[in-house]
Structure formats: structure tokens, C-alpha cells
Amino acid sequence: MKKLINDPAAVVTESLRGLAAAHPELRVELDQRIVVRGDAPVAGKVGLVSGGGSGHEPLHAGFVGAGMLDAACAGEMFTSPVPDQVIAATAAVDGGAGVLYIVKNYTGDVMNFELAAELAAAEGVQVESVIVDDDVAVQDSTWTAGRRGVGLTVLLEKIVGAAAEQGADLAACAELARRIVANGRSMGAALTSCTVPAVGKPTFDLPDGEMELGVGIHGEPGRERVPLASAHEVARLLVEPILADLAFTNNEGTSDEGSGEDGVICFVNGLGATPLIELYLMYGEIADLLAAAGVSIARSLVGPYITSLDMAGCSVTLLRADPEILELWDAPVNTPALRWGM
Amino acid sequence: MKKLINDPAAVVTESLRGLAAAHPELRVELDQRIVVRGDAPVAGKVGLVSGGGSGHEPLHAGFVGAGMLDAACAGEMFTSPVPDQVIAATAAVDGGAGVLYIVKNYTGDVMNFELAAELAAAEGVQVESVIVDDDVAVQDSTWTAGRRGVGLTVLLEKIVGAAAEQGADLAACAELARRIVANGRSMGAALTSCTVPAVGKPTFDLPDGEMELGVGIHGEPGRERVPLASAHEVARLLVEPILADLAFTNNEGTSDEGSGEDGVICFVNGLGATPLIELYLMYGEIADLLAAAGVSIARSLVGPYITSLDMAGCSVTLLRADPEILELWDAPVNTPALRWGM
Amino acid sequence: MPAVVNPAAVRRWLDEFTRLIEAHAAELTELDAAIGDADHGTNLQRGTTAVREALAGLDSETGVGPLLKTTAMTLISKVGGASGPLYGTLFLRMSTAAGDSAALDGAGFATMFRAGVEGVAARGKAVLGDKTMYDALAPACDALDAALAAGSDLSAALDSAAAAAAQGRDFVTPLVARKGRASYLGQRSADHQDPGATSAVLLIQAAATALGSPAN
Amino acid sequence: MPAVVNPAAVRRWLDEFTRLIEAHAAELTELDAAIGDADHGTNLQRGTTAVREALAGLDSETGVGPLLKTTAMTLISKVGGASGPLYGTLFLRMSTAAGDSAALDGAGFATMFRAGVEGVAARGKAVLGDKTMYDALAPACDALDAALAAGSDLSAALDSAAAAAAQGRDFVTPLVARKGRASYLGQRSADHQDPGATSAVLLIQAAATALGSPAN
């Protein structure tokens, strides 16, 4: 294992320490491992709290700031945060308008946020939770844990963050978040495993010439191991299941036939060790496939925003846009990892 | 070799194609492989042109936009651009106030930009060139190729870009750029080699338990191979030679003793395959060392901004700040990779 | 049957569980690497180590219910992931069931344990055959009841509970997981032993070792 | 001595150079991987392939000077890196020296070649012993002049030039590089063969093969 770390057990805390040093505008509570907007709680604003296992940076702490999250809870590596953290974050950001939990759909995350929500409700805080489950690699079913929450989380945190900043109330924020969940899908592929520091070796072996299709963000193997393919082919393997799962074109209209009315937000994400030159190359392939499928791209995001430690690979997220979503996407945001307009 | 690419020979062009698709606000000329600000030439503004070998993304194309570069020339992988590209970029951005070439100090880059400058001057364009050579790993000497240009290039492009945007003339831009070169230093370390697509295997072997100290950004081996060390120790190995090379504290004053008057801009850069969680951890270590040395950090930047394909490792850049430099650093910028205030 | 499950026995149980988790942490993480995210051993070790410290900080007079409650809250606060709330709920429900009894006999222990296991099912919404810790815990409950009903003492009953747990764990190994991270793998989760079921067996083995003997 | 270096001979030279670069591209890149950035073979191959195409597009009447100029401009436009401007300058200066001569004899070729090599030194600011292509090119010039002065024909003179180039290349192998990327390695650049000196030897070997024979 080759990593720029000290003690494998201390990686999360030591990295948060560095985040605190680099971003004095944030409040980083190292004991609780929560990262809070410097001006929290913002009176009258819905507080947005997210969190999850560490190892996905910049998600979530890198998205704390004006126009996005109010607080993030950093769990152990790939392990959901504990309720204490969520409760501390809730207390730190509750400005009287209630708190929205944004939870990626993993059993651990769901249960820990659920416990926290029960406890927060008992304290009289208005809490709503939204579960993000956008990963089409996983068969959806009420009999299983359901789909994982992956790339869509980034888009959701930005868009709902903008709505909260503009004064949307808790019910409106929750409804918008659920609308985004209903309209977004993702799929990922890995060229290499990642290495969890405490484990010290790759989670799985992935020989030369092979890749994992349908991976999540925790170094878990994918749905299928397939031969390593060209970027062109990988793009197809990622885009096709997404388009098969949800209609991204709007064929109802007559004038604009074959293209979604407002297009999509297309997010090509790096899993941690894939250089930007490859991500942009993939973006070109994906844009071609979408054009051929009659899906128009309204906005794009390319970069490593929800990672899996040092995994090489990428994921694609598509979100059906509408004018409100696009306006909220374009709204100012000021966080360590996503910033524009301010 | 595991990469999200198609033909190894086509990586640069295909990645630019994706950049063009993702950033319609830029003008990407695929034939010449130059990336130009959408509104270029800006009348009366000094045009900033940079470029270099590809494989360092987001440098340079990711820094084209308002408040930073006017154009970037993308060479072959790790190979400087050719004069034709620089001349095309010059023509595209010359708004009548002259053009500044920002050249990293590599023999190839220097000679190709030199040829271009000769040709541009023959065409009647006012051209100035500034050579960035900040890498303290390389012994400086008039008898050698001199120091390499590395991380400081990013800071320089941002700061001089802001000055040009605010109307500084060519002489002022060139002088500011040279002041930045005089006041900035960098040092890097690699945990793994990178793999050049056309070569198909790592440029050098770096066994478990070893790292290369004093690497550049072209996969060239470093000055020294040393045992893999903790983040704490790596931070020391990077910061000490920088502080030994240039005084980053200002002991002349009496009131503010032991600390640079306006502090430094501290840039912790990922070399391509190092996840953000490690970079922030390194930032924490570096901030400690600087505090202990009496160097105060005025601004920071943490992330993979000047990379070496899929190399794991990081570099540190320190730039002595002054009020003008800080104001220009804070000025609005809108590029694919660096954006704030707009 | 004598009331064997007093505070000292509960402490011995948790001590033994901590020891077993420590001894098997790498194996649990290894199992989780194959069909999960390579942290189950690390998670539980962090939790049980914290439990040991928390219990050491409690008064020696602390009763069964409060000991179990501290265990529950510590696991919930320290473990995270799926197993944190699940083991936390197990101990929380047991603590509630224990109430302020000074000690429990075999039947009392069995009732309390079943309350805990039902809590796991409620929290995780798992049913038998989903390939989770519940597949080890539920058969253990049944075996415990059956053995006690047949007149075994708690020691012997816990031995058969541990055997039933191990059988449950092995029974689901060939199955496809339907809950937790392993479910993401679909067909590929088959023929892998479930990490949570494996740690659940250790919990019951620890009980058999620590609670079985009336010598306290 | 007959005027052997006519346009057809120049084309044969560049053709042979292209062939040698193609055959040695991997080796050149390998050498560059050790002390540079693993692209010298790729760079030159891209350049010489483009030269072949560019020359094929030129009229069969095209003279020596224009052929060399097209070669120069093509290398400058296609190669990039350090070797692009350096080889480009070599051919540009040769083209200027050739002027509009229809063909050159041995002495004319030697004068022209020296002009090119001096251009490399001027552009790269390299001196002997810096461990660059100049360390192969400069001794080749001297050997060429000496052999012609001693009465050799161009064929024999180019053979000794090629031998001198190879000697120069090997002479600097143990040295520490002071120019180009290899200089960044300091002491670690010693005992590695310089890629540019290696390709320069191929250029002169190609001349020996293609220009030596008066049969054109």
C-alpha cells in the first residue's frame, strides 16, 4: 500500500484537520468529525445535513458552504457516520426551519440517519430524510437493500442546497430532493480496486485486461467482470443501462421530437485515481452516445467529485432537467469543491 | 496499462474533443489543438498564452477563461507544443495589447515558444515570454537546463490572468510574472510512476516501500529514491528544501517578527492518482511545518491542478504574497478548473 | 435453574465477545472484502474495544440492564455502518427486557435474547434467508428455547444455540444476499460466507463460554 | 569528386532515416524513459512519418534546398519537445546552405552539414560533453571533413562520420547530463545512453547508406 498517510486508523481525522486548516471559513469539529458552514445556523433557512463513510472526498465535506450543504458528517472509512454525529450536525445547523437529511441508500447510512432522526425528532427538531438511490447497476426491489446512492448525490446536494439558500421550506426541499431522485440515474465501472488504509491491500484483485462493471463507491466488486474495453465501449456499457432504465427523451411533444424538453445534467465522475484527461475523453464519448439517443445535454460536470479512495474508473450520472432545476444548478455556490457565482 | 482511452495515439485530441463538448464557452480548435477563450481576442487586453505537453490536466486548457489564460496549446503527451500551435493561439488572442507567453522551463518548451515568438514578432505582434522555473529539486545553474517549471505555473497563470483582465499592459504583466517566478518555489514526490499511453507501461519501476523524491511532472524519475515515509515525513522532505532555498519569512520588520509580512500562498497539488483525502491530510502536515517555521499561510489551494497522468504523489508550492498578489489571487476567475467570484 | 446471568456474567460475556472479535477481526474484514466493503472486522473491533472501556468505567454495582444499555449506546456511537445500529439495537432491546432485574435465569436470558434478535429483524427488515446476521441469530434463539424446554441447563443450551447459529451462518453461504451491501453483487454474492452472520456466531459462542458456567 | 548529393539522394537519405527511426523507435523511447520522459522515439517517428508524406507531396523536380526546408518545417511542426526545434534547425540551416544548388559534391555536403550542426548548438546552447545529440553530431562533422581532406570519397567519409558519431554518443554515456530533461536527474543520469545522441547517429548512418553510393 502506497499512500500519503501516517497511521491508517487516523486518516479520516487527520484529513479533516487539513481541511480545517485549508478552509478557515468552515467549522470543523474534529471530535465529532462534522464539518459545518461557518455561519451556521442560518436563521430561517432549512439546514441540509449529509454524510456517509469517508473515502469519497470531496463528498460530503467538500460540499459544505453557501448554496449547498450546511453540515457533513464524516464516518469511518467507507462506514456510515454514527447517530451522535448526525445529531451534533443537526444541532449545529438547525435555524428553526427544520433540517433535511440527504442519505445515500446503504443499509448502514439509512439506519444510522434513521436513529438520528428519531432522536432529533424527540428533541423537537423538524427532520425530513431523503434517500438517494440512483445506481442502475443494482436491481431495484422491495425485497433487497435496493439501489445504491452514488453520483446523483452531488447534483442533488447542489440543487437542493440552492433551493434552501433561496428560502424554500422543509417540505419544498424534501419534495425537490425526491423529484431529483426520481429523475436521476447513474452507473460506474472500475479499472482497479481501491485499497482501504486499515486493510492495506486492494479490496479485490482485478487482473490486467479486466474491469468491473457496475461498481459502487465502496470498493465493492461490481455486478460483472468483463474484459477491459475501449473508452468508447465503456461509455456504451455505462450509458445504455441508464437510458434503458429511465426515459431521458421526451417524445410526447411534436415540435421538439426525440429530445428531452430541457435536456439533462450530465455528470462524468472520476473514482479517485483516474486523471482528468481520461474523464474528458470519456465525456466526449458519452456526449456522442447521448446525441445519438436524442438526449440533449443542458449542463455538464466533469471531475472526481464522489470517489472511492484510489480506485481508477468513472461513473456517469444523468439527471432530467427542468427550468427550475437548471436555475438552481446555475445559482451561486461556494464550497471547497464546487464553486461559482460567488 | 489500464486507461479509459481508445487509441493511445489519439488521447490528446479525443480528450480535447470532450473538453469542447463539456465547455461550449471555450473555442477548441482540434486541428491545431489549441483552446481559446470564447470571447477572444478581447480588445485592448494583453493576451495570455500558455501550453506544454499534455498529461498535466487541468493545466493548461482547464485554466482558459476570464481572469486567467486566453489560450492554451496542448502538445503531444509530455511533449511541448510546436510553434504552429503557439502562433495560431497568438493570432487568436491578440487584442492589440500584445501577448505574453507563459513557458515552463523545459528545453523543448523554451525552444518551441522561442521559435514562435520569433515568427510572431516577424508578423508584428508584440510578444513577451516568461519562463517559470520553480522546482527546487533541480540544481539551478547557468550551465544546465536550469530548474523545471512546475506548480508555480498554476498560481502565476491565475494572478497574471487577473492583472491582464484588470487592464495591466504587457510590460506590467511580464514584470508581475517575473516577480512571481522570483518569489515561488516547489518540490514534489511520487509514490508511483505514471504510464504514458503510447508506451503502455510505467516509465519507471517503483517497488513497494520506496518513493521518488524531487520528481517533475513528466514521469521522469526524481533526484533520489528514498524509503516510503509517513505523510509527516514526506511533508518535511518537501517543505524543507523549499524553505532552504528562499526566505519565506521576513525578519527585517520588528513588529511582525518571524513571519512573512503578507504570508504565502500554499498550494498542495496532487499528481493525478492521489485522492483528495490524502492531499488534505498532507496539507495539514505542511501547515504545521510552516507554522513551526514562522511562515503564515495567507491563501491555500489543494487539489490536482498540475498532474503527471496517473502518477500517485504530490507537490508543494509556496509563493511569497504581497497585497497586490493577494488581491489578484482573490479576483474573479471563470475557467473549467478554477472558478470563483463569477 | 439458578439465576446465572448476573452483572459479572454479562461483563464476562462482553469481555469474551471483545476477545473473539479481536481474534477474528482480520477474518471478518476479509469476508467483508469479498462481498462488502472490507470493514466489518474493523468496525466491530472499534466497537467492542470502546465497550470494554465504557464498561470498565462503570461502577461494579451496575446491573444487567444498565450494562447492556451502555453496551448498546457505545456500539451505536462507535461502530457505524450496518452492524452498528443492528448490534446496538440487539443490546438495547435486551437491556429493556432485562429491566432492573439483578440477574436472570436461563429462561430469562432466552426471553431477553429473543427480544434483542427481534429488534435486529425490525431494524434491518431482514427475513430468514436474506443472508445476514439474522440468519445466525434467529436459529440460535430457537435452539436456546428448545434446549431449555428439554431441560438443558443454560450452559448446554447456549452450546446448542451456538451450534445452531453456525449452522444458520453456513446454511446461507450458498445463497444470494438480499440485504446489506452484499446484495449489490447479485449472483456473485452466492458461495460467500456472510460477515455479519459470522460475527453473530462469535457473540453466541462468547455467551456459551462466559454464561454457561454457574461459577461466577 | 562527382556531385552525388542531388534531390534523389536527399530523398533516399530521408527515407532511410525514416526507416531507421521506425526500426529504433521503441529503443529510443526506452532510452528516454530512463533519463527523460519516454517520448523521443514517438516524437521522431511522428516527425519522420510526416516528412515522408510531405516529401511525397512535392514535385519530383524539387531541389535539394527546398526538400531540406520542407523537412525542417515539417519536423518543427510535428515533433515538438526538444528534438523538434533542434532537428528542425539542423535541416533549416542545411537548406539555407544548400541554397538553390542542383546538387552538391562531398565538400558541399560537408559544409552544409556543418552549418546545420552549428545551428543545433546555437539553438540548444549545448557544448561538447553536455550529453546531447550535439555530442554525436559535432564529431561526425569533424570526421567528415578530415576524411574528405584525406581524399576519401563521400561514401567512405560518411562511414567514418557515422563511426565518429557513435563514438561521441558512447563517450558521453558515463557523463552527467547538463542539458535537456536528463539534466534534472543530476548524478542519476550518468551511465545512461543519451536518446538524442542515439538518433543523431541514425541520421548519419542513414546518410552513409543513402548518399555514399554515386549510383542514383
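Labels A, B, C and D are assigned to the chains in the order they are written; within every chain, residues are numbered from 1.
Just so we're on the same page, a contact is a pair of C-beta atoms (placed from the backbone, for glycine too) under 8 Å apart; a residue touches a chain by one contact, two chains touch by 3 or more.
Heads up on the chains, UniProt names are A, B = Putative dihydroxyacetone kinase substrate-binding subunit DhaK; C, D = Putative dihydroxyacetone kinase nucleotide-binding subunit DhaL.
Fair warning: this is a prediction, and the values are worked out from it, not measured in the lab.
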CA centroid of subunit A to CA centroid of subunit B, Å: 29
Approximate Å spacing (C-alpha centroids) for the pair subunit A, subunit C: 33
Mean-CA-position distance for subunit C and subunit B (Å): 55
Rounded Å distance between subunit C and subunit D, as computed from the means of their C-alpha atoms: 77
Touch-based graph of the chains, sorted into line, ring, star, complete or other: line
Chain pairs in mutual contact under the definition given at the outset: A-B, A-C, B-D
Subunit A-facing residues of subunit B, complex: 1-6, 11-12, 14-23, 54-55, 57-58, 62, 191-192, 208, 211, 228, 230-232, 234, 268, 272-285, 287, 297, 300, 302, 304, 307, 309-310, 312-314, 334, 336-337, 339-342
Complex contact set, residues of subunit B against subunit D: 53, 75-84, 106-108, 111-112, 114-115, 137-139, 143-145, 148, 196, 198-199, 203-204, 216, 218-221, 223
Residue ranges of subunit C in contact with subunit A within the complex: 29, 33-39, 42-43, 46, 76-86, 88, 123-124, 178-181, 183-186, 188
